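Chain lettering (A, B and C) follows the sequence in which the chains are written, and residue indices restart at 1 in each chain.
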């Protein structure tokens, strides 16, 4: 009986996972619980995802980041596949997962690895399409990195020398310089995960960095609206005052 | 071996899911790990859930909201069924899930859809018992809505026009006016999800709104104590200073 | 097709669960998605976990607490087993799960119960190795408890009498006095769960308590660096200013 109950649940979860897009299963499964939710689903994917200030590719990058940051495996199969269909390369998806291992936690990346390895196997995506473990890195902005390192040392040095060390060695002098994901997209992933988890403390630094890396104000505005649907209104509204201050302080 | 390990884990998860109530599986499974936890379980369901200031129906509404907001599918089968047994109608459960699609994120609602569709199928609950996708809406409080819209436009307008638009169009001029869930219960669901996720920034607005919609101070007090058990003490204590300020500022 | 998709996903999740350690499955599965992640995995388990200021046993206590607090069942089978291998006793693991039922929520404990009951069954760990439901309690620090109770009554009494009552009756006059887990380890579990969830409001009290209970500053520093990997950098950095203030205010 235990196994039966679980099987019933997991089969439904799987059908939901598959149903996120447009297949007939979606309508059937959601409508059996909430016809209203099916109506809203059509609006989310038929209208919100089509708004012009953020491309479908960017929306997929944001949504994948939100799902990994929130550790929601049920939606991963559909949205990982949709991301590839929207032009995210397998190498970029690989880098997004690797990046979020550090920004949302190792276990979240492991869940995403499971979903991605299935997808890659189904689509015949092999090792030749993945970024190497240790590629030649992008050139570092020495002045900016020195400034960052100084500030982190001042704030976190007296608390956790290990944290300071790995923040430099692994994150800013390695992960952020990997060429498999453009800095602008890496920032988009980071900011999306921060908004999706309500982690406002790190948002000013990373939203500024994202805009330095090329994210426009109009895109950032639309990222917040998009995440309202995928991570809930409260997280989107918690990002508003932070984004407002960042926007106001930037030149131009 | 991979499949075996997973099967072992998922069977146990399912047994836990079933065990939340009172069945012999509960005692066996929990006691095999922690006899103390079994003792506390009896106190939680035998004493806390029986406290008078919050009805069993309200406690089920709160608990269902907490589980969806925290995306905990393992406990959903038991607590969704218990909610129906406590007098929550299938239409109300449907509306709770729909509501939380926006307040805790689309993926959370999809997980809940999976659990609810199984439950509805097992109990023979058909489409005739569900709220329509687009029912006649409750009358809007025009002055209150104008005030809310003005404040959101002032705070979020310069940041994300899309967020402002959908907050009005989908949330306050549509979702909140759906008649399938009383405004007081809709507020109870919203406040419960905010407390359960530690989202204190939106609590003042929504706790005030809940009390405007009929939630008493004694009920709000008991909601916080109830959520301490189901979402952890830290989230309950984070709600305390917010609730205190809301209580003190309200007349009467 | 639904079942097939789910089976594919869950098999991969299980392989990830098993793969956390060092088995060949780990390399194969992670490397099929991200060779970089496999490189970082070796650094995490081969270097970070070996750093001297925190013992492997303490790192396992922290990691288990992080996984339960974040409700990540996929990694539990491996890390629960690793904890036992690192010298955490079954009784201590039982107490950690019981403790976190209150500090991270009942549902989180139920997920952990499922993983632990499998592990205990596989290793032949029976009821004789578990802590009794109601053991003789540790002596209470009457003055400290009176002080705590007074402050909680002042802050939360006007908001939620039920919360105040259970905080004393269940948490500080019962749970914290259970002898199956040393107060220092109980504090380590609590602080780890607070950092892992970004629950900074309760950190000053519990970090001070942890240090009163014997956690050194060097250990606390390393706990934060360790959790950066397992719960993401943003949560670690959110803990930094709190820890700094606690460190600075303590004598010596």
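By our rule, contacts are C-beta pairs under 8 Å (C-beta built on N, C-alpha and C of every residue); 3 or more make two chains touch, one makes a residue touch a chain.
No experiment lies behind these values; they were computed from the predicted model shown.
Engineer: Once you've mapped the touching chain pairs, tell me: line, ring, star, complete or other?
Structural biologist: It is complete, because no pair of chains fails to touch.
Engineer: If you fit chain B onto chain C using only Cα atoms, how far does it have to rotate, to the nearest 5°?
Structural biologist: Nearest-5 rotation angle for the superposition: 120 degrees.
Engineer: For chain A versus chain C, what separation do you get between their C-alpha means, in angstrom?
Structural biologist: The mean C-alpha positions of chain A and chain C differ by 26 Å.
Engineer: Among the residues of chain B, which are close enough to touch at least two other chains?
Structural biologist: 10, 13, 15, 17, 198
Engineer: Show which residues of chain A lie in contact with chain C when the two form their complex.
Structural biologist: Those in contact with chain C are residues 10-11, 13-15, 17-18, 25, 71, 73, 76-77, 94-95, 97-98, 101-118, 120-122, 127, 130-134, 155-156, 158-163, 165-167, 170-171, 178, 193-194, 197-199, 201-202.
Engineer: In their shared complex, at which residues does chain B touch chain C?
Structural biologist: Against chain C, the touching part of chain B is residues 1-3, 5-6, 8-10, 12-13, 15-17, 19-20, 29-40, 43-44, 48, 51, 53, 66-67, 70, 72, 74-75, 198, 221-222, 224-226, 228-238, 240-241, 243-244, 247.
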